[in-house]
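As structure tokens, here come the structures.
Two complexes come next, and they have one chain in common, subunit A, joined by subunit B in the first and subunit C in the second.
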Partner chain A sequence: MKRFRTTPLWAPWFFMGPFLFVFLTFTTYPLFQSMFLAAHQTFGPEHSAFIGWDNFRFLLSDPRFWKAFKNTLYFVSGSICIQLPLALALAMLLNRPNLKGRALFRLIFFAPSLIGMVFVAMIFRLMFEKRTGLINVLLHSVFPSFNLEFPWLDTYLMPALILASLWMHAGFYMVFFLAALQNVSQEQIEAASIDGAGPWQRFRHIILPAIAPVASFICLLSIIGSFQLFELPYILLNNTGGPQDRALTIVMYLYETGFEIGDLGYASAIGWVLALLLVGLATIQRTLSKKEEQ
Partner chain B sequence: MRFFRSLFEKVPPGLAVILFLAIVSGLILSFKKITQLEDMEMWTPARNHLPAYVPFIKGWNKEHPDQQFSISHISSRALERRLLSGFFSGTPVANLTEIHIRTAHHSFAGPLDAIGFVDLTDRLKKEGLLDEINGPSFGPWTNRGRIFVLPHDVHPVLLAYRSDIVEEAGIDVSQIETWEDYFRMMKPLMADKDGDGYPDRYLLNIWDTTGAYIILLMQQAGGRLFDEEGKATMASDINVKTLATIVTWVSGPNRVGMEMISNSASDFSLMLDGVITGFFMPDWLIGNLKQKLPTIAGKLKVMPLPAWEPGGRRTAVSGGSGLGFPKAAPNFETAWELGKSLYFSEEIAIHLFETASIITPIKRFWDNPIYDRPDPFFSGQPIGRMLIDQAPYVPTRTSSPYLELATKHLVNAAGNLKRYANKNNIFTVEELLPEAKPQLKIAQEHVENQMARNIFLETTP
Partner chain C sequence: MNSNKQLQMNQRTVAQIWLTVIYFFLILFSVITLIPFVWMFSAALKDNVDFFSSLFLPTGDGFLGIAWDRLTLKHFHKLFTEKGIGQAVLNSVFLASSTSVLATICSAMGGYALSKYKFTGRAFITTMVLSALIIPGPLLLAPGYQLLYNLGLLNSYAGLILPHLAPAFGVFLFRQTMLNSVPNESLESARMDGAGEIRIFFTMVIPIIRPMIGAYLIITFLASWNNFIAPQIVLQSPEKFPLAVAINNLKGVYAEDYGMLMAGTVVSVAPMLILFLLMQKEFIAGLTSGAVKG
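Showing the complex of A and B:
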């Protein structure tokens, strides 16, 4: 019997074409181009010189890169250690069936993540101002001895950044945890309660293993997002890394090098180091998750 | 065809509408011819220049029917990106464009012949225009001895003060000659009258993070971050002394400075509430202030900046813009004629002063009586004349693609020195000098390391 092909051979290419065109032009080509740039020193396309590993070698001895790296790690740890537990706690609180106004609270906690990062940064910039900022004015009115010039955006830059990010992202991650918690078997929890398991034991042995895949995914999402921190400090600190580069992040340094100093080769090298770092972290996370599943 | 027929039968109506719109709009866009309304273009990042330029260009277009120009306002950063992209990749750029100083610095990072602006040096000499313009105004636009941009302004800096508060306290500012005099005579204003344990007022908008003002003061003292050849000179003795002095102003229990840099609403409230009583006041900020803080009119006066030493320089310089002619754009001669008419027009110069308080660098216009007019915003002081009196003495700046980087490291050095002062409870210049020197040396080394990597820049650090 003769078989008729219902879909012409060109159909998949026709439909995939636009995506492939955009992907090759705006992702694959720049990726290879940045590899080329990382090994070159350039001033526009007409002036280019091969310098091999020099950009990477300079990076290893560049104190500003290491400062940015340290700051970024600080922010990542702050995000993981504060943001995620808080998001989980909020989700557990709002998952209680007898809580009144659950839907409203969920909306309230989730609402900040609907606002763009740039606006959050602008709002927090005003809030952290000395003398006129909401935070200092409020604290000064409650505790008159509190210094109106408390330097949030000077000495306490990273805590201020973590606080602003916490306000924005805790509600976002809460939604993921909430979805995971709603899939935890209630029968199992009830059975454990009848067997005498306390709240901590129920959390440790039933809830946590059940939400582990989602938690691990959120953790990875948060790490990648935190490593890419840029807009928040950039706007909050008026296009600088703050006093003594206290809030200079890897991506900010990449931007500064590439677009303010104009050293695209060095910026590409920084970009590759960041990319390899994230690939490494994702691989570790994936390996650990697989082990956990097994 | 069977395939398409079955596809259309299966496609939901909503998706069909989206697909239809996408295909139609795609076709329209691909066949739409991009038409340019005018033959030639001028860009400017300065919105406050437009009221003077737009009527001028309309007039030019009437008089020159075969040389039509249009003018566009583009924000500074967007303009810089478009311009540098044009220099590097040949995308269309304007025939002439105003730029801010930072854009010029960024375009100077490569070999001299690769700088995207037309070299104006010989033309300026040939046409005798060099002497017409205030000498120091060429500084930021000159690189490796060549001038690439026509200066638009002088931007001398005066010191504004809250005259209502100062005069009520019986302080006679005419007795102030140096910074030391200024802080000594103004000190009574800092008394803690509300009893909250902190001074009620501070005397100057200076802080260790305000890099632009630290540089401004260094230049006033005779220092600079780079020399004419582009070599870093951050750790010079004069810079070390200036930095140490500034740190004594912003640290310790008797500090006199306060942070105010961004001209935001909260900064203006500090000004209006009299929390800060003295501010650096370049001419461009005067226009800005008149527009954004009209309620402070009559409460401010200006005086020349206090000098570092008796008989020393009583002004500084801040910001700046100029007119460049991209090499990649055609019709340079026509663009040059327009640019020259624009920048050497007395009418435009007066308009700019009246609308934005900016004084022209063209020296022959300085005699215009408009500059002697009393300004009610400054309690009747002839602000134009006061600025022009200082214009010839503004410090000559140098240009470097690494200026922004140097500023960042300078701010870091200032912050480290302030931390050192607070930690060790030392707040005198003499005690801070031994620490200021190594801090600035470290800053300079960082900049030199970056400079040394640039194989296209002929200058070696």
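Showing the complex of A and C:
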């Protein structure tokens, strides 16, 4: 008589099966295929010609790619430098003990991130209009010197994108910060303030170290997301990169080359540059957070 | 002793003032967050004549100074009778629910296999899933499109649903959850009692991780509802379009009809807001659990 029944051999594969089948077909295989494609010039999905490293060579001297790269970098840095501090500030305000209505505030701040980028773009497209758009009208009524004709969707496209994304994402990241802050020990903060530590010192020496792992994860999440910006400018600008490609992003350029021009090869090359960039950033984040732990 | 009391009083007053300042900022940010929603809903409800003459609801002699009788549902009526937006709503509901249910089952099963069974290849698959987390979606657009073309799945819902059934993120999330919350001992004792592997999974494991299942269902439902780029690339016939794509096309036809555009956006956004209001606790808990605990 067997005393312990071991698990049957088929069991893990039964549970792994559906995932593995789909994952290998629709993630692993396309990943390798994209390397192959990146070495080809294609005309739609059927015709292609091998061109070796030419896509990458061309990419490095392609002014439109660099324009897209610069715009994306601008958006990423704008998002990180404004969105994340604001998200943290909101979370700290909400984390104050004996604050009433915390759940309601959290609900309100989080609500915009439920709306897809497409729909956010639809709303902001009308709100950014000159003269009639809500944003110019409100700014003008608060600051009478503000020009009603302020050209958000023309000259100031990148700030407009950063603003729309701020509205959408600040509450999203706030929720993560809030969850992290709730794990910071309240006694430690009180002890420090009895010892005479001011608000800034308490923040710098107790709160910040305690939320550092989550903060660096949120940072990475926000960078990865911002680097893939597509729908917001695409819809805001009627499926173009805007005047003089002012809001052309890397993924918009990828989409345009792959699905409007039909060169899946060049699109894959752009995709690989994006992927390598993100892998590099993730590696930096991992080494930094490992150093922090030691 | 008097001064001691005074100090306490002072501290209380300072705390009170701080709390007031905090409330002020929280309310200010809440108003800023809510304005675009209010603006969208009011734009959807008013005639295009009133669109430019009033910022939010048209003013008049009615209750609260609003001309209630000038509000209209004609944009919604037109959307559903002439533009067939009802079809797009049904498409979105079908796509989002089938994708989220199937992706959740695949991910939960995969996560169970990776966390609770020992088998050859487990370490390899785990590494593969972890590395896939960093692959940016846009990299797979071009090869994914080519694959769907070769499989004859373009312009079909299968081509849209299948690739989303094996999200590395989902398997990773369920693996973490089960490592932490499903005790090995109870699985062992259920096996000793003669329960089959599949029965153990459905009658023991699923109930334990129910909160995670609920959260993940909502996350994937939202992601699928708001997805634009995949249906935009895969689908060609307008009668198959989900809301995200249909609304963007509406923009081409009704560029100047702001009421129509906002009514379409309300139809797309409101269901998500309602869904979230009903299930916000599970949703936020699930969203942050991976980041904060893991």
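In this section, the second predicted complex is superposed on the first by the 276 of 294 C-alpha atoms of A that agree within 3 Å, B and C clash if a C-alpha of one lies under 4 Å from a C-alpha of the other, contacts with A are read in each partner's own complex, and residues count from 1 in each chain.
Just so we're on the same page, a contact is a pair of C-beta atoms (placed from the backbone, for glycine too) under 8 Å apart; a residue touches a chain by one contact, two chains touch by 3 or more.
Given the structure is predicted, the values throughout are model-derived calculations rather than measurements.
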Fit or clash - subunit C, subunit B, common subunit A: clash
First, second, both or neither for A:Ile189, with subunit B first and subunit C second: neither
Partner chain(s) touched by A:Ala111 [first = subunit B, second = subunit C, both, neither]: second
Contacts of A:Ala212 with subunit B and subunit C, given as first, second, both or neither: neither
Contacts of A:Asn238 with subunit B and subunit C, given as first, second, both or neither: both
Contacts of A:Pro45 with subunit B and subunit C, given as first, second, both or neither: both
First (subunit B), second (subunit C), both or neither touched by A:Pro8: both
More subunit A residues in contact - subunit B or subunit C: C
First, second, both or neither for A:Gly262, with subunit B first and subunit C second: first
Which of subunit B and subunit C A:Leu126 touches, first, second, both or neither: both
Interface residues of subunit A shared between complexes with subunit B and subunit C: 7-8, 11, 45-46, 126, 132, 238, 259
Footprint of subunit B on subunit A - complex, ascending: 6-8, 11, 41, 43-47, 49, 51, 54, 58, 62-64, 126, 129-133, 144-145, 147-149, 154, 238, 240-241, 243-245, 259-263, 266
Interfacial residue positions of subunit C with respect to subunit A in the complex: 19, 22, 25-26, 29-30, 32-37, 39-40, 43, 51-52, 55, 105-107, 109-110, 112-114, 117, 119, 122, 125, 128-129, 132, 134-147, 149-150, 162-163, 165-166, 168, 171, 191-192, 197-198, 201, 222, 225-229, 233, 244, 247-248, 251, 258, 261-262, 264-265, 268-269, 272-273, 276-277, 280, 284, 287-288, 291-292
Subunit B residues within the subunit A interface of the complex: 3, 81, 84, 87-89, 106, 109-111, 114, 196-198, 208-209, 259, 261-262, 264, 266, 269-270, 275, 401-402, 404-405, 408, 411-412, 415-416, 446, 449-450, 453-456
In the complex with subunit C, residue positions of subunit A that touch it: 4-5, 7-9, 11-16, 18-23, 25-31, 33-34, 37, 45-46, 90, 93-94, 96, 98-99, 105-112, 114-119, 122-127, 132, 134, 137-138, 167, 171, 175-176, 179-180, 183, 214, 217-218, 221, 224, 227-228, 230-231, 235, 238, 250-251, 254-255, 258-259, 264-265, 267-268, 271-272, 274-275, 278-279, 282
